[in-house]
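Per-chain residue numbering starts at 1, and chain names A, B, C and D are given in the order in which the chains are listed.
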Amino acid sequence: MRSKKMRVGILSAGGDCPGINAAIRGVGKTAIVEYGMDVVGIINGFSGLVEKQTISLSESQLSGILTLGGTILGTSRLKPFKVNEGEDPTVIPSLIKKHYEELNLEALVCIGGNGTQKTADLLAKEGLNIIGVPKTIDNDIWGTDLTFGFDTAVHIATEAIDRLHTTANSHKRVMVIEVMGHHAGWIALYSGIAGGGDVILLPEIPYDMELVAKCLLERSHKKKPYSIVVVGEGIFKEGKKKSAGAYMAKQIKRATGLETRETILGYIQRGGTPTATDRILATRFGTYAAQMVHNREFGKMVALRNGLVTSVPLSEVGGKTRLIEPDHSLIAKGRSMGVCFGDCTKRKI
Amino acid sequence: MRSKKMRVGILSAGGDCPGINAAIRGVGKTAIVEYGMDVVGIINGFSGLVEKQTISLSESQLSGILTLGGTILGTSRLKPFKVNEGEDPTVIPSLIKKHYEELNLEALVCIGGNGTQKTADLLAKEGLNIIGVPKTIDNDIWGTDLTFGFDTAVHIATEAIDRLHTTANSHKRVMVIEVMGHHAGWIALYSGIAGGGDVILLPEIPYDMELVAKCLLERSHKKKPYSIVVVGEGIFKEGKKKSAGAYMAKQIKRATGLETRETILGYIQRGGTPTATDRILATRFGTYAAQMVHNREFGKMVALRNGLVTSVPLSEVGGKTRLIEPDHSLIAKGRSMGVCFGDCTKRKI
Amino acid sequence: MRSKKMRVGILSAGGDCPGINAAIRGVGKTAIVEYGMDVVGIINGFSGLVEKQTISLSESQLSGILTLGGTILGTSRLKPFKVNEGEDPTVIPSLIKKHYEELNLEALVCIGGNGTQKTADLLAKEGLNIIGVPKTIDNDIWGTDLTFGFDTAVHIATEAIDRLHTTANSHKRVMVIEVMGHHAGWIALYSGIAGGGDVILLPEIPYDMELVAKCLLERSHKKKPYSIVVVGEGIFKEGKKKSAGAYMAKQIKRATGLETRETILGYIQRGGTPTATDRILATRFGTYAAQMVHNREFGKMVALRNGLVTSVPLSEVGGKTRLIEPDHSLIAKGRSMGVCFGDCTKRKI
Amino acid sequence: MRSKKMRVGILSAGGDCPGINAAIRGVGKTAIVEYGMDVVGIINGFSGLVEKQTISLSESQLSGILTLGGTILGTSRLKPFKVNEGEDPTVIPSLIKKHYEELNLEALVCIGGNGTQKTADLLAKEGLNIIGVPKTIDNDIWGTDLTFGFDTAVHIATEAIDRLHTTANSHKRVMVIEVMGHHAGWIALYSGIAGGGDVILLPEIPYDMELVAKCLLERSHKKKPYSIVVVGEGIFKEGKKKSAGAYMAKQIKRATGLETRETILGYIQRGGTPTATDRILATRFGTYAAQMVHNREFGKMVALRNGLVTSVPLSEVGGKTRLIEPDHSLIAKGRSMGVCFGDCTKRKI
């Protein structure tokens, strides 16, 4: 077919997230089976390019990883373009470029979150052939409607809320559950609706404690035996509060006098095997990235738009966070069923 | 707001499916909380209208049903417009119309599959104010990109395939798994890709046994210790074979000599609590249906189109089945990773 | 069979726990089907006897509750024999006795934890025909080798630890997980072994921070990329520390310099549907309790001893907690595989 | 401690089963950490001894396998003492003995079911230092109260029955589910009780079709909307029927006229990650086996007796199957709650 085999590198950077291995498999298998490329795995994110740590990925090494959480390539939080004061900001990027060339890479697929996509953009501007693949449980990457990892996190958070209903009901309590989402409240919104939360607090909607209390007391007066409050961890922008969930439970108890307990769901939201839905999205993203390599569509990130896999320029993505619009249809639908979002505005859909 | 309370009926008809209760809750809570309507539950699908069996649904009766499989209203397979020879085809529709009026319903929300939506259309043509809500694990309703129940079925089928990998590997076998889908292969395609199936056979793609055997033998020669074959139950159009999976296992054994076992997944695909994703879709569909009642948008079915909830005329939906297009992107992506779809065509994406 | 129907009451008291409904069903169905008794459900634990709040339980009301978490009878933490200063301690017991008689109960089955069994013993001493059924996720009731609720809690905690492995590995961290167990470390021990914990800290074994740090540093030096530390919530007897897990994570970071994160599993351990194992144990306990009623074996608690269901006098049970013996075989087995229990004693099994 | 390192081999033989890897890990880690032994893994059961295929097992290779289904050592169904007509029955045993010596093994741990324990006994009689570890989902190995794999199989079967309740209820059907168990009905009994089965048919209790039909019709007349029938696959001793479940569904339909559907659960019962309970049992068995090696207690099988891990002579185990006694307490308890076991005997507990 082609005289010389094309050689493509893959790395994963930033926090771990269910589906990374499914994406690596999608890129790798398509590159090998469909296009006859050579595939090189870069170890521990961008560190692997700095230290030239790689492994060759054959088809058989890509077998059996679809269902695994984490990443077989390892990851790191190294940001090549971020230097401490007094350091030369060109040293690490140059090294990466040099090793990219020495490894005879013709393209580099970077699987990662917001920070990784920003780095990917800067490397593209340095002349490397870069393709970004978005991943994060937080679902807050600009330019794509959805990221893999999100469905799994929502699944786990919803299962936890399901369990809390039992205990809340037996003890007639307010149960507060804090779910992940530093900047955006996507997990809180989706698991809150899927789990039947009564109050859902999102970083995007400033809440009024009096209204939250009023809503919970009204439920109590209406003889609803208990309430579930779902809190996104990022509701306190200034980051002063260590745990949004614990703080909120204390505030609720003070404001309402109701017996209140908190659960901080934490790291279990990002571990374990991805859901079927996340495996499929990661596979679609991965195979599409391989296709982009083949078509030499560089400097872009794979994205889902209106249900279709497509791509967006990395330059449009970098550094921007996709927050929930206050008039998001799921918020409107929640309100119409009586869910309180802390502002308690009763807007029509 | 309005001088007289609007009165809306809800029924579920056809096969059961995870998410029906979430949809009932979405319709009911929105109708009550947002629009101050009265909500009437019709028992056992259209039978409940024939026999005038109803219950009044208050907000508290709608609490706690979000997570339940099945339907609190019951269902039946009665088709009001289908009569035996010699019977008067107008008797049952007239009775339904009469009872609809006696119950003072201003609108009727019909949650169901293809057959139900067809009935819904015919009732709308009789002058009733009908809104359809699509549900089926098979995901094959015309006019909507997705139905609730599907994600749960794919989740269960994928989990089963995950388990089969272990056994297949230990015993170096071909494992055939038959999943649901009478007419369309959506569950087979999605669970097949999510579960890492090696061969995926769909009703939409006629298969060539020689090619299936060739693919499995090649895997065996390449020292892949085992293979997973995912079969949609509807691959034999004529319905002569009782079980597509058992038949296929026998054929494979005969054609390849490889040790082969089958699993017929069966009814466990449609039972139990819906996934978070299905609960959200069902909730979105339900609340949207209530909004349509409020806006008097009758004669339409709720639908998902390009990620947005919208509606389509029932007259366009009725009786049509949404099959997988042979050039569906997930099939193309599967092929590019080496999945065999029985026709073994190696098309470019 | 008998001229007059025997009448038996059932109540559940104390914290909720998976399997209570399975036990209620076991008592009730056996009482009705096997012995033709009348069954009365007491609402909200001992409060229901004080306020004479009951429901009649028929066979059909006991159908479908086997899988439900929580308790259909409700619960409360009322302790009839505990009074505030200046109050008459005989008032509430007398009321309970009076209502027990007015309800024509011939026996009362009390499903509950340590506190409930103590109350049960005191009521027996007041002359009531009492049978205790032990339940707690903590597995720390004296007199029985096992309580239902425990297997479910271990199952959930183990699943959480499984998820943490992925994240711990990706980020090369020490992950601390705090599981329930106020006085006894059963959940920590079992989930720690089942989840492959590297360090397991139990209330029963005082830990030495230096040894914990040494063990974690050794793992780090041996190039083990990460460690899992499972902590029972009751390791600080004085209860000064609000969260054992958070405090331990801080201590480990300080002592080792390793990146450390904590997860406090919390209330999700006691919610949701019971495991098959817990349903069976609860069913065995429940049916045995009904048989004890029939045989008029009062003043005793159902118990599991050496794999057999039997009974023990309530007077032997009350107020005592079943802790883990330091030479428990699972601790010995853990040590032999290199698990550190904080005291790091390398004893032979 | 000792001048020369002891050298122990481990193999797994027969069908796969969740927990084998946990047992391998238990043997290996204890042998290495506690006793400083060398550990050799034999590949593919007894075939690996015939072909001298082994791998050295270090502590790090034993990490991370606790949660994996299947067996990292592979398995085979080779029976060394079973030869075809005309073959010399001493050839393979001699070869095994020769390789055992050449590999300098001082002990061999054989993880397997009934057939494997029989082979283990014969090898012990040939003079090899053998220790058996029982494993099977069927729970039918003589000499031990419990085998690992069983709890996982019951867990999966119970989850499936839970799902069938929804569908059975929606469609007012009799649902028949066939679960594994060639000779013994342990899975059927335990999942049947845990899943709330109405009829449970076991190989150990010959059933009377008329009584089964009577029981199902009575339920139907009492307005119970549906019934669940749990069938052990081995109920037809002669093995004439291909599928006990499908045959039984047909018989029930014929005898009662009730709408009846079957589910054959099949291979998903033996795949996937073991439950916490099975991991703990497998770990206890594995560490105990290493201890037996150390103590040179050969010619025995690890066993659970009255809740304690102990050992039994292999000569007492071989070839015998542990069936359910007809007066097993769980059968009695089921009867007392109205469960029909096909013989419909109403015995007192």
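What we mean here is this: contacts are C-beta pairs under 8 Å (C-beta built on N, C-alpha and C of every residue); 3 or more make two chains touch, one makes a residue touch a chain.
Because the structure is a prediction, the values reported are computed rather than measured.
The fewest steps needed to get from chain A to chain D, moving only between touching chains, is 2.
With centres defined by CA atoms alone, the chain at the far end from chain B is C.
The geometric centre of chain C is 29 Å away from that of chain D, both derived from CA atoms. Mean C-alpha position of chain A lies 37 Å from that of chain C. Per-chain Cα centroids separate chain B from chain C by 41 Å. Shared interface positions of chain D, i.e. residues touching 2 or more other chains, are given as 162, 165.
Taken pair by pair, the chains that touch are A-B, A-C, B-D, C-D.
Residues 25-26, 29-30, 33-34, 59-60, 63-64, 66-67, 145, 151, 154-155, 157-158, 162, 165, 190-191, 193-196, 224, 273, 275-277, 279-280, 283-284, 287-288, 290-291, 306-309, 329-330, 333, 335-338, 348-349 of chain A are the ones that touch chain B when the two sit in their complex. On the chain C side of its complex with chain A, the touching residues are 15-16, 18, 69-71, 74-75, 156, 159-160, 162-167, 169-171, 175, 261-268, 270-272.
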